[in-house]
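Labels run A, B, C and D following the written order; every chain starts at residue 1.
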Amino acid sequence: MFVLVNLKAYPCDPVEVAEAAAEVAKETGVRIAVAPQAAHLDRVAATGVETWAQHVSPVAHGSHTGSTLAEAAAEAGAVGTLLNHSENRLKLADIDGSVRAAERADLETVVCANNPRQIAAAAALEPDAVAVEPPELIGTGTPVSQADPDIVTDSVEAAASVGDVPVLCGAGISTGEDLEAAGDLGAEGVLLASGVAKADDPKAALEDLVSPLV
Amino acid sequence: MFVLVNLKAYPCDPVEVAEAAAEVAKETGVRIAVAPQAAHLDRVAATGVETWAQHVSPVAHGSHTGSTLAEAAAEAGAVGTLLNHSENRLKLADIDGSVRAAERADLETVVCANNPRQIAAAAALEPDAVAVEPPELIGTGTPVSQADPDIVTDSVEAAASVGDVPVLCGAGISTGEDLEAAGDLGAEGVLLASGVAKADDPKAALEDLVSPLV
Amino acid sequence: MFVLVNLKAYPCDPVEVAEAAAEVAKETGVRIAVAPQAAHLDRVAATGVETWAQHVSPVAHGSHTGSTLAEAAAEAGAVGTLLNHSENRLKLADIDGSVRAAERADLETVVCANNPRQIAAAAALEPDAVAVEPPELIGTGTPVSQADPDIVTDSVEAAASVGDVPVLCGAGISTGEDLEAAGDLGAEGVLLASGVAKADDPKAALEDLVSPLV
Amino acid sequence: MFVLVNLKAYPCDPVEVAEAAAEVAKETGVRIAVAPQAAHLDRVAATGVETWAQHVSPVAHGSHTGSTLAEAAAEAGAVGTLLNHSENRLKLADIDGSVRAAERADLETVVCANNPRQIAAAAALEPDAVAVEPPELIGTGTPVSQADPDIVTDSVEAAASVGDVPVLCGAGISTGEDLEAAGDLGAEGVLLASGVAKADDPKAALEDLVSPLV
C-alpha cells in the first residue's frame, strides 16, 4: 500500500509532517509520500521523505507565467504529482497535457476522479495511478470504504478494464482500519490529508494508519 | 454516415444553412444535423432540420446564471449536443456532468477530443459518440483523413476498446472525397463547419459532401 | 427604478413570467426586463417584454463553438445582457471583451460584482450599469438593503467616483419594501430572480414589487 | 524605477539570473526583483535578490490542493507577487481575492492588465502597482513605449484617476533606451522577461538596462 499525504494549503508545518513521514516510512518499510505547496517542495524534500507536487501545469518550458512547470517541481525534489484533485479540477485535454509534462520530467502521476466512469476516463490517459475521491466525503472523517464501498470496487474494476491502472482510495481515510478496508476493496494505496496534516501528533497518526501493514 | 454541421459563431444565416441541410437530407436520405448558436436553436429547428446544440452545461434546473440548460436546448428544438469542442474545452468532471445532463433531457451527445488517448477517455464517459479533431487541422481545409490518417484509425480502435463508441471525424472535412476517406478509416460520421457554413452555396457544398453516400 | 428579472436555469415557464412582466410594465409604466436562457430569448421577446441575455461571450463572429455571440442574442430579441454574475464569474479581460461585444451588438450591459471595490473595477470597464450582489445573500430572501445597507451606499459611491455609473441592487430582493429600501440607498434598479421566477403567481409578485413606484 | 524580471517557465538557471540581479542591484542601487517558479522561490531568495512570486491564489489556509498560498510564497522568501499576467488571466473576483491574500501575507502586488480601461479596473482593486502589457507586444522585442506610447500615458492617467497607483510598463522592454522611454512616459518601473532571462549574459543585459538610471 502506498500512503500519499496531501498537505493542501493547511496551516501545518510541512517540515514537521515530512520528518514524521520519513521516520515512519523508515521504521515500517511502508511507502509514504508527502505533497506540500510548490513553494515548500525544497524544504520537504530535504527531510529525505518521498516528495510529491500537488499539481503540475500542462506546459513545457516557455512563456507560462504563474504555471507550475513539471521540471521545476522535479528540480525542487518532487518525484511525483497529483493531478485533477477535486479542489483543482482540470480540463480533459489539460490532464492529458499534465500527465505528459510529468512523464517528461520523470514524475510519477496520480490522477484523481470522482466516480468509476471518470476513473476509467482518467485511466485511459495512462497515468501511473488513479485515485477515487467522492467529493462529498472529502474532509468528513467518514471513509469512502465504509460510506460507499461499491465506488471503490467499481473504480478498481473500471481502471482494470482500461489498462491495469492501480487505484488509490481517498476521502475520509484517517485510521489503520480505514487503510485496511481500502486494501480489502482492491485499492493499492490511500490518499489522505487532514487526518495526518491536522493531527496534533502527525507521527502517531501515521503510525496508527500504517499499523495494519507492519 | 452522420454529417454534423457546426455553425460556431459564424456570420452565416443559420436558417439558410438549415434549410439547405433539410433539403439535402430529404433528397438523399443522408442524416444531416445543424448546430447553431443557442439563441438560434428555435429558428433552426423550425426548418425541420435535425438540430443540435454546440454545448450544454453540466447543471440541472437551479441557480445557474449564464448556463446552457440541456432542458432549455431541448425545448428550443435540439435533439443532440456537441461537448468539449476544442474551442470550448471542459473539465473532465464537467464533460461527465454535461453528458448526464444531456441524457436527462433526451439529447444525443458527441464528445470531441484531440487524440486517441483523449478519445478513449471521452468514450469512457459513455456519450453516444466521440469526434476526433486534431486542433492543428481545424479550419485548414486539410482533411485529417489525409494529413494524419493514423489518428483516425487509432481513435476508432481506442473508442472500440473502451466500449464500442462510434467515432466522428472532424477537422478539415469539406468535400465528398474527404467524407469517403473518413468512412474508409472507420469513422461513422463527420463533423464540419466552415466548409458548409462559409460556402457561397451551402446546399451545393452539402450535395457535394454527401455525394459518395447517394 | 429598473427591475431586471433573472430566470437563471429555473424550472419556471419563461413565457409565463415574461407575459406577467410585460403586463405589469404596461400597467404601471415601470421598466421591467426578463433575462431567460439563451435558448428561450426568441419566445420571451415574442411576448413584447424587454428581453435580456444572462451572458454574452467576449468574442466577435468567428470560430467560437459553444459561445454566446452578442449578435445572436440581439437577433433573438435581447436588448441587454448581464455579465459576471456571481454564478458566472468572468476574467477581468473577458468582462472588458464582453462589454465591448455587447456594445457592438447594441446591447445594454449590467456588470455584477461582489463588493464596492469590485464595483469600482467593474464601473471602470464602462458598462451601462453595475449590480452589487453579495454572494452570501443570493437566494436567501434577506435583502441586501437590510442585511448590509453600507455595501449598497459604498457601491453607489464607488461607481460614482469612477464615472457616474448607475448601480442596481441584487440579492434577496423580493418585495416592494425591498425595492423602496434599495432606492433609498441610491440604487437605480434591482436585480432579482427567485422572488419572481419561483413565485406561485409571478404577476402578483411583480405587482407587489413595483407598488412603491406607482 | 523598479525593474521586475519575470522568469516565467523559461529554461534559464534561476539562480544565475538571481545572482546577476543581486549584483547589479547592489552595484547600481537600482531596485531589481526576480520572479521565478514557485518551486524555485527558496533558492532564488537565498541569493539575496528581491524575490517575487509569479502568482498567488485567492485563498486562505485550508483545503486548496494545487493552489499557491500567499503565506507559503512568503515563507519561501517572496516579498511580492505578480497577478493577472496575460499568460495567467484571472477572474475579477479572484484578482480582488489574490490582492487581499497577498496583503495578509505582507506581499507587495503588481496587477497586470491589457489596456487603460483594464488598468483603471485593476487599480480600483487597490494593489501596490499595476503593469500595462499589450498582449500583442509580449516577447516581440518591440517596446510598448515605441510601438504604442499612448497606451502607457493613457494607463498612467487611468491609474492616477482611480487612486494614484503607480504603473509599470511591460512588453518588449530589453534595453536601457526602452527603460528610459518608459520612464519618460510616466512609468515608475518596467516588467520584463526574455530580454534578461534568455540573455547569454543576464548580468550584462541588466547592466545595460539600468544604465540610464546610474
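Throughout what follows, a residue touches a chain if its C-beta (ideal position, glycine included) is under 8 Å from a C-beta of that chain, and two chains touch if they have at least 3 such contacts.
For clarity, every value in this text was computed on a predicted model and none was experimentally measured.
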Same or different residue numbers at the chain B/chain C copy interface, by half rule: same
Separation of chain B from chain C, taking each centre as the mean of its C-alpha atoms, in whole Å: 33
Between chain C and chain A, distance of the C-alpha-averaged centres to the nearest whole Å: 43
Computed distance of Cα centres, chain B from chain A, in Å: 36
Residue numbers of chain D (touch at least two other chains): 86
Graph class of chain-chain contacts, one of line, ring, star, complete, other: ring
Every chain pair in contact, whichever chains are involved: A-B, A-D, B-C, C-D
Chain B contact footprint on chain C (complex, rising order): 6, 8-11, 37-43, 53-55, 57, 59-69, 71-73, 75-76, 78, 82, 85-88, 138-139, 193-194
Touching residues (chain side chain C, partner chain D) in the complex: 84, 86, 89-96, 113-115, 117-118, 120-126, 158, 162
